[in-house]
Structures are given as structure tokens and as C-alpha cells.
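As C-alpha cells, here come the structures.
In the two complexes that follow, subunit A is the common piece, with subunit B as its partner first and subunit C second.
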Partner chain A sequence: MPVLCSRCAERRAMLKRPKTGHSLCKECFFWAFEEEVHQTIRWGPASGGKDSTVLAHVMKLLNERYSYGLELMLLSVDEGITGYRDDSLETVKRNQQQYELPLKVVSYEELYGWTMDAIVKQVGLKNNCTFCGVFRRQALDRGAIMLKVDKICTGHNADDVAETVLMNILRGDIARLRRCTAISTASEGEGVVPRCKPLKYAYEKEIVLYAYFKRLDYFSTECIYSPNAYRGYARNFLKDLESIRPSVIIDIIHSGENLSVREGVKMPVQGTCSRCGYISSQALCKSCVLLEGLNRGLPKLGIGKHHRLHNKILAQQPFTEKEESKLKPVEF
Partner chain B sequence: MAAPITIHLEFGGGAELLFSGVKKHHMTLPSQSQPWDMKQLLVWIQQNLLKERPELFVQGDSVRPGILVLINDADWELLGELDYQLQDKDNIVFISTLHGG
Partner chain C sequence: MCQVDEDYHGDLERAEVPNVSKKCVKCKEASAAVVIRAGDAYCRGCFKEYFIHKFRAMLGKNRIIFPGEKVLLAVSGGPSSCSMLSQVQKGLSRNAHKKLRFIPGIVYIDEGGALGQSVEERMKLGAELQAMFKATGFPFYIVPLEQVLDLPSSVVVMAPSSSEQPGSAYKSAVNAFIQSDSSTCLTPQDQEDTSLPEVQESHTRSLQHLIASVKTLTARQDLLNTLRQHLFVHTARTEGYSKLMLGDSCTRLAIKLLTSISLGRGAQLAQDTGFSDSRYGDIISVRPMRDYSAKEISYYNHMFSVPSVFIPSLDTKTTDKSSIQRLTETFVTKLQGDFPSTVSTIYRTSEKLQTACRSSSTANHCERCLLCMCALDTAVENASAFHATLISEQFSQTKVPGATRTQIPRQNPVTPVLTPTGQHCSSDGEENCGRKEGGGGCCYSAKQPQTTNLKTLLCYGCQMTIKDMSSVEYFPQYILSEAQRRRRRSQMKEEITEFLLDDDDDDDEGN
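Up next, the complex of A and B:
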């Protein structure tokens, strides 16, 4: 016996919602999904993956349905990963035509003079995700400034946010734990464009089914360089929990949102990078230190804590032999 | 005896990588004394189609959490999951959500 939709009680239910346990037909599911995103938006980057593809589709649709008056654009980062990003950029270009939105692509090569392929050649597969993550964050800001946009919407979904809450708890990173559940970030300073996560309460399951039922065109290949192992563990743990208790993802986000940090807990003071002016809690921002390390052939400079070397870099003083030997690439 | 049935299998969202990159498979399941159910189909897929890293597809006697299953385009959670009895010409889709955002 087919199960009937619990909302319209007319059509056949096509999925069980993990968040609520409701059984819905396609039409009622589309409506519920879109309305919840609408509720999350209080006032775009595109990787070609499922999340940004669904985000672009839903933002365009809601912008028309509710006359937000937003001027939407697609922003994509080319990390310079042969066989991965070049393929997914093709998807982004198709999305651009399907949604008739302008597209801007910024590349690591033009911004930093290094592609991820070249970085991996120097640093190997151990800390490459650190470089990629730090560079992407800044690349999106720089791209957004070039486009003169007021806000960046990212495709982070409920599963991503719950993973991040867990990871920040496991690392004891109180400052990030406090920030990571915000739907929208306030402008943190010059060179940083406020971000928002319209899909923050949307389960990955629903995003994938939305894309599948709507036949949206997305790209699903794992990055060819080693995956972010730490996030991978958090993710598998969450997926196992979700199979026993589907509400766990929204529950963890709820926990994260309601944590309050006791007064007197030391937080890093946000300042600006003395070299590029980007936000930084150190003399030099992470991106400049990573880049300095790459250019000097000392890739470990930005990995781990070498804050006391920042002043030396800024004063252009040479490192001692002992300092250098710790920062050299590991031979493979 | 239940007669042999033909089914259409599809792997997507990156799950196809475990099946030599092939997304669509037309298969005939041999006749057996009991009707085929999803639990038996998963065992059959493992023995006959899965090419590599089975732990990325199955966990225990079900699919790995994070892989969505659709039976004739409907979420299998509405249809009894492992106990669903396969019908001739059923269309079963497995979509991995574990690949790239």
C-alpha cells in the first residue's frame, strides 16, 4: 500500500523527512523545503556540487516568489586541481546558463600565484587541505569585492553545520564554536564580506532528493587530493547517529546555538594583517604566512604555531638554520 | 517458486565509482523459493556488481548511512526498507550523499 502524503493527503508520499518524520509527496516536499529556506533568509558561491546547485536554484526561485529584490550572481573558486575543479567548473558554467545568472571565477593561480596542483607538489598530501581552506575563504572575499556584492551565500547545509559544531567541541575551539552556528556573519572588517547560510537547516538528504526530483545538474566527485580526515570522522559519526535518531543533526545545531560562553574566557582579539589588511588575530594572517612559506620553500611555516616568526618575516630578517630546518618540506 | 525478475539499478552521487563508474544496470535476478527483498538484493549486489571498497556501500546488512535509496522514485523509508519485496521492473536508485558539496 502506498503511503499518502501527510500534508495534502491526496498524492503518494515520496520521502520521509528526517527532521520531522513526516511523509510527503514531491510537491509538498518542494514547498516545505523552499519555505524553510525562505524562513532562514533574513533580509552567491558556486562549486557545482549539490549544495551550491540547489542553493542557486532555490535562491533564484525565492527571489522571484517573494520579490526579495536581490541581484544574484554566481561566484566560483578555481583551486587549480586538474581533473577535479576543471570538470566541476563545467557544471557551474552550465548552471550559469540554466539560471541566467552572471558568473565570476577567481583562481588561486591569479590571486596567489600557486595552483593546488603546484602546492601539493611542494607540501605533499598531509596539510594540503589547510592551504586550500584558508585560500578559499580569502578568495571568496576577494571575488565578492570584485563583484561589489553585499553578501556571500554559501551552500553549507545542516549536516555541515552539525559537523563543524562537533569538530569545534572536539578541538576546544571556543571562539569558532560560538560563531559557527550563526546564519549570518556580521562584517568582521575591511576586506571581509558578510556571509550567510540559507541552507543551514536543510538536511543533506533533502538537498540530494530535491536535486534528484528536480533533475538538477550537479557534480559529485571527491577531490583527488586526500580528503579532510578530521571532518571525515565527524561526518561518519554523525551519519551513524542519524540512522538511529534522524533529528540528531538539528539537535546538535540547536545545542551549538544555545551554548553561551562564560564571561572571562579568553578569546583571540581580531586585528588586521600587517601585510594585506585581511582580518587576523596575529601580526600576519594565515593566508600570508602560508604563502610566505610556499615562496620560501618552507611550507610548514603556516602549519602549527610559529607566531614568533611573524615579526621576523615582517622585518625581512633571515631565519636561523635551526628555524629553517623545522619548516622544510618532508621528503617523499 | 518465484519467477526470475528484471530490475533496473542506478547508482549516483558518487556511488557509481564503486561500480566501475557505471551508473545504470539492467539486471535479471534468478528465480528462488521466496520472493526477492531488498535485504537479499544488497547481498546480491555485493556478490555480483560491487567492484571495490564494499565498506563504502554496505554496513552490517544495510546500506552505509549517508546512502539514500529510492524505490520507483520513492524514499525506501516509506516502503519498509530491507523488508520491501521486489516487483518485476522495479527501479532502484542508490545515491551517495558522501561526496563533495
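Up next, the complex of A and C:
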């Protein structure tokens, strides 16, 4: 006997919701998924986007359904990874036509003069994700400023947020820990466009289900270069936890939302980078330091904590031999 | 020298192979016998000194235990709490260098009933522990877990704290203590030759019903943890202790922190993992072992022959993925093997956190979870993930008018207490649930609403635990009675709400 949809009690259920365990028909699932995103973004989104088809699809649909009055645009970052990006850029271009939304592609190469392929060549596979993470964040901001948008919506889902909570605990990053569960960040300063994560409470599996039944292109934006150790550990741990208790993803986010930091705990003071003007708690922002390291052939510069060297970089002074030897790439 | 204090450089560094045949970093003479962390190699003598010093320093720094105060040590039989016991013994001994000045007692909870151990097994373990405790000369209490069935409801009510005691009070207490004849109160009384407490078979069965009604090991362990806390607090109260000493090591706390995060208990992290925990008001828990890693403890216990007893627990002989607690333990242990600063990094995160419910002085005004006694973290403002889930549930079901809300629902007059035997409201005419007339059937036949009603009195984490229970029918009476009392209070409050001037919830209790 077919299972009936737990919502309409009329049609046959096609799937079991990973989030709640309810059996739903296709139509009711679409409806619930979309309405939940609507609930998440009630507090005012705008435009932009990570290369997530589902995000673009749902945002466009809700914008029409609820007359948000938003002017949506697609923003995509080309990291310069041969093979991997070509496919996804194709998809974004298809989306552009399908949804009739303007598209802006910013590339690492045009912004930084380095593709990820070139970076990996120099730094190897150990720390490459530090580069792609930092560069992507700034690339989105720069692209958003070029497009003159008020807000960036990213396709981060509940799994991503939970994973980030775990990761920040593992590395004791209390400032990030506090920030990562926020649905939208207020403007942190000049050069940073406020962000929101409309899919923050959507399970990755439900996003895939949605894309599957809607016949949308879906592919994970996973970098083909292996994720760094931390993320890898946090991700596998989360997957294992989820296999024991599926609600763990939301449970972790709930925990993250309720953490409160003791008074008197030092939090980094946000200032701006004296080279590029991007927000930074140091004299130079992370991306400028990483770039400096790449250009000087000292890729480890941005990886450890080498704040002492910031002044030297700003003054364009050479490093001592001892300093250099520490920052040289590891031989393979 | 007393803190876990390695430098942390952004990324974790891989474990390095320790340098063998090194000299002790402290005295620089004797050859090293233990390597606690990379670079820190100690000789036997210096290690002992370091270990002992750390314990006193932890208590000295926090100044929470007053001289002459009665302190109940929770000993599980495991290495960490046994090590704590031995440190207390050392610290109280006549020739101790910096003498500890409190009056200790020991509590051990025998959970054999929940694990399905035979009476003989339980007697055997009990006897082993009894021998160990007797040797200390401290008074001790071996409490079978079955006793939770007879707890009074006051256990889940926050007692007024015994007046804030500022630093100056500590000093004067020290002086008063030194002047008084301290030698008499420190002499441990001779424990009258107690035989192990007998447990009624029916009690064990009720306990097993309760455990069996919890469908997952994760929720079982969580519930057991709560019940254990209740028993500790109750024992402390009835025996006149005001502090409870727990033996959590830094490793254990790192695991606990990560577990709590996964169980949705983020709001309670500071209490669950901090040095002191005052959620019960009058009985304050302290964790003096929190600076020691499990490795340090096992070195010390081994080198200085500190006895411990292997006590099976719910997750003994289960696989890594049997529960969230178990998985987290394996995860942290493995990661610590690869990255030796894992535990201390997680642990230091815990030091930067505080409880969500503002400061402890105003904490009395929070609504508290019926089970774990933490401030409720389910209000809309700080629980958007929680509300997102409620919305998802609502959207996935046939629409119910005015569906799920987290406020305490206005419900029918008092739902009667559930009897574990399953005799429903037929027995007491007076206590009839009142639904029969409405044609809705007896309240007992509808167990779901009962669980739902209980939910509103629970924090997020405890709600997740209850969710994994087939029924709350087997809950000990004290919990169900307190649930009823709270519901009655909130009903009363609703009736008189328009006459109340202050919105603050001073509903509770004990005052």
C-alpha cells in the first residue's frame, strides 16, 4: 500500500524528509521547502548569489510569489581550477538564460593575478583551501560592489553551518564561532556587503531532493583540491553524527545560536586593511598577506601568524634570510 | 607551571615523536620519566610535585570551597575520579604542605540496575568500591540508581543559594577555621560497618522499564546523566554537604563540550564544562580535575599506584556509532592522537563561554528545565533554528489550527499523574482527566499529548531526549509531580495575569 502524504493526505508520498522524517508528496515538499526559505529570509534579502542553482531558483520564485521587490543578480566566482569550474560556469550561464537574471563572473585571475591552479602549484595541497576560502570571500564582496548590490545571498545550507560550528570549536576560534550562526551579518565595514544565508536551515539532502524532483542542475561547489584537515575532520564527524541522530544538524546550529561569550574575553577589533581597505583585525587583511606571500614566493606567510611582518610588508622592506627560510614552500 | 599552556599557532601541529632519554625540564638533573606534552619531560619526583601542586592551585585559585565546608566527592571508580580522591586524601593528611581544609565524603552511584547486571555482579563491584572507600577513612555513600524512583520533587526545584560569599568572606572563614580546633573536625569518623544497600527487585524493574522506554543509546546516556545528577544533589542535601566535587578531566570535558554541542545544549556549555556549576542553587558542583589530561592522570595513577575499578557503563561493548557520546569520545581521542593540542584547544573554548542565562545572581528568575535545571533556551529570540524546525514540522503535516508553539499551551485542567502500572484515570474519580466527557477518550490513551505537554517544560536538549522515548509513563514520580505543579502554577498565573504588575517571573520556589 502506498504511503500517503502527511500534509495533504491525498497524494502518494514520494520522499521522506530528512529534516523531520515526514513522508511528503512532491508538491507538498516543494511548497514546504520554499515556504521555509521564505520564513528564513523574511528579514529582508537582496541580490547576488553563490553558484547555487537551487538558491537562484527559490529566490526568483519567492521574489515573485511574495513580491519582495528584489532585483536579483547572479554572481559567480571563477577560481581558475581547470576542469572543475568549466562545468559549473556552464550551469551558471544556463541559469542566467533560464531565469533571465544578469550574471557577473569575477575571477581570481583578474582580481589577484593568480588562479587556484597556479596557487596549488606553488603551495601544494596542504594549505590551498586557506587561499581559496579567503580569496572567495573577498571576491564575492568585490563582485558585489561592482554590481552595486545591497546584499549577498549565499547558498550555505544547514550542513555547512553545523560543520563550521564544529570546525571553529576544534580550532578554538571563539570570534568566528559566534559569527557563524548568524543568519545575516550586518555590514561589518566598508568593502563588505552584508550577507544572508536563506538556505541556512535547509538540509543539504533536502536541497538535493528539491533539485532532483525539480530537475534542476545541482552540483556541490566542493573544491576538487582536497579540503584541509580541519574541515575534513569536522565534515566526517558531522556525517557520522547525522547517521546516529538526523536532527543533529539543526541541534548543532541551535547550540551555536545559544553560545554566549564571557565578558572580558578578548575579541579581535575589526579595522580595515591599510593596503586594500577591506575589513581586517590586522594592519593587512588576510588576502593581502596571502597575496604578498605568493608574489614573494613565500606562501607560508599568510598561513601561520606572522603579524610582526606586516609592517615590513607595508614598508616594502625585504625579509631577513631567517624569516624567509621559515616561509618557503615545503618541498615535495 | 600549573596551566595547560602550550602555544597555539593557528593550525594544529602534528604529533612529534618524543625525544627519548631526555633530562627533566624542571630539575634538569634526573632523567625524564614522563612526557606530558611535546617538550615537557618530567622526572618522577618533579612530575609528582607538579601534579599535586596543580590540584591545590586549582582549588586555591577559584576559592569556592570554604574551610570547614562539607564536600561530597563523586567517585565513579574510573581513573580520574579516583585520582581526585587520592589528591584529596593527600591534601588533608597531617603533613601536607598546603593543607586542604574541608570535610570530605564520598558518593558512588551503582548503575548496575540500568545495565541489567545481576545482583551478584553488583554486590561484587560494590564490595570492591566499599573496600577502596573504607581505606580512605572518609564517610561514604553507595547509592543504587534505583533510588531516583523515591526522590522528592524538591530535587528539580532550584533551592535558594546559601548567600553569595565574596572573597572577604573566604578570608574570614579561613581565619575562623584556623582558630577553631581543626583537628577534631578533620578526623574522619569511623564509618559504621555498613553493608551494601539492598535494592528491591520491583525498583530495579521500574528502572529498567524507564531505560527501555528510551529508544536510542544517545538519549539513554543523556537521561542517565540527568538522573545521576539528581541523585548526587539529593544525597548531598540529605547528608548535609554543600559542595559536590566531580572528577572530570580536561579530556573528558573536551568530549563533553563537543557532545553537548551536538545534543543542542550549547546554552548550558559553561555550566556543563566550567569549574563550578550552580544550577541547583544550594549545592555547587566543582571540577578540580579539569586541568589534567587523561594521559597525565593515567601516568600518575600508574606511577603512584592509585587504585581504580573498572565499572561497565551503558556504552561498554558498543560500537563507535552507537551513540553521539560514544562517537564523540572516539573522535576526540583519535584527533588528539594526530594533533596533540586538540583537547586543550577545545577545552580553552569552554573557558571563554558563559551561561546564556545572564549572570548567576539573576539566574533565579529564569524559567528552568524540568530535567537538567538549566535556563530554558527555547524562547523565540535565541532559538531561530528551533523555530525553523517547528515550522518545518508544521508545514509537513495536515494543518492543525494554531499548531505548534513553544509557549506553555493552555490545556485542560490538570492531567493526572501517570501510574507506572498503566492503570489509567479509572481508579480515581476525582483525578479523572476530564476528557472522557468530551468524547476524546481518557488522557492516558493519548500518550502523545502527555509527551508534548512535558516538552514545554524542557530545554532544547532535554526535548531531544524525550523525543527518543516511546512514552514518559515510566518517568520517576518526582519528575511527573513537579511537571504537574509547574503546569498548575502557569495556569494560575494565566488566570491572574492581568493583575500582575511585574512581568518578571518570580514564580519560584523555595522562598
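One rule holds in what follows: the second predicted complex is superposed on the first by the 315 of 332 C-alpha atoms of A that agree within 3 Å, B and C clash if a C-alpha of one lies under 4 Å from a C-alpha of the other, contacts with A are read in each partner's own complex, and residues count from 1 in each chain.
One rule holds in what follows: a residue touches a chain if its C-beta (ideal position, glycine included) is under 8 Å from a C-beta of that chain, and two chains touch if they have at least 3 such contacts.
Since we're looking at a predicted model, the values are computed, not measured.
Using the contact criterion defined above for the overlaid structures, shared-chain residue A:16 touches subunit B, although it does not reach subunit C.
By the touch criterion defined above, A:240 lies against subunit B and subunit C together after alignment on the C-alpha atoms of chain A.
Once the two complexes are overlaid on the shared chain, A:166 sits against subunit C while remaining clear of subunit B. Once chain A of one complex is fitted onto chain A of the other, the partner contacts of A:155 are limited to subunit B, with no touch recorded for subunit C.
Counted by residues of subunit A touched, the larger count belongs to C, out of subunit B and subunit C. When the two structures are aligned on the shared chain, A:261 is found in touch with subunit C, with no touch to subunit B. Of the two partner chains placed by superposition, A:210 touches none, neither subunit B nor subunit C. Contact with subunit C, but none with subunit B, is seen for A:7 once the two complexes are overlaid on the shared chain.
Once both structures are placed on chain A, subunit A residues 240, 243 are touched by subunit B and, in the other complex, by subunit C. Within the complex formed with subunit A, the subunit C residues making contact are 8-12, 216, 218, 257-258, 260-267, 269-270, 320-324, 327-328, 331, 335, 342, 345-346, 348-349, 351-356, 377, 382-386, 388-389, 391-393, 395-398, 460-461, 464.
Within the complex formed with subunit B, the residues of subunit A that make contact are 2-3, 12-16, 23, 47, 49-52, 88, 155-157, 160, 204-205, 208-209, 212-213, 219-223, 235-236, 239-240, 242-243. For subunit B in complex with subunit A, the residues that touch the partner chain are 12-14, 17, 64-66, 68, 70, 73-75, 77-79, 93, 95-101. Residues 6-9, 17, 19-20, 22, 24, 28, 31-32, 35-36, 39-40, 165-166, 169-172, 174, 177, 181, 183, 201, 229-230, 233, 237, 240-241, 243-245, 247-248, 250-263, 265, 303-305 of subunit A touch subunit C in their complex.
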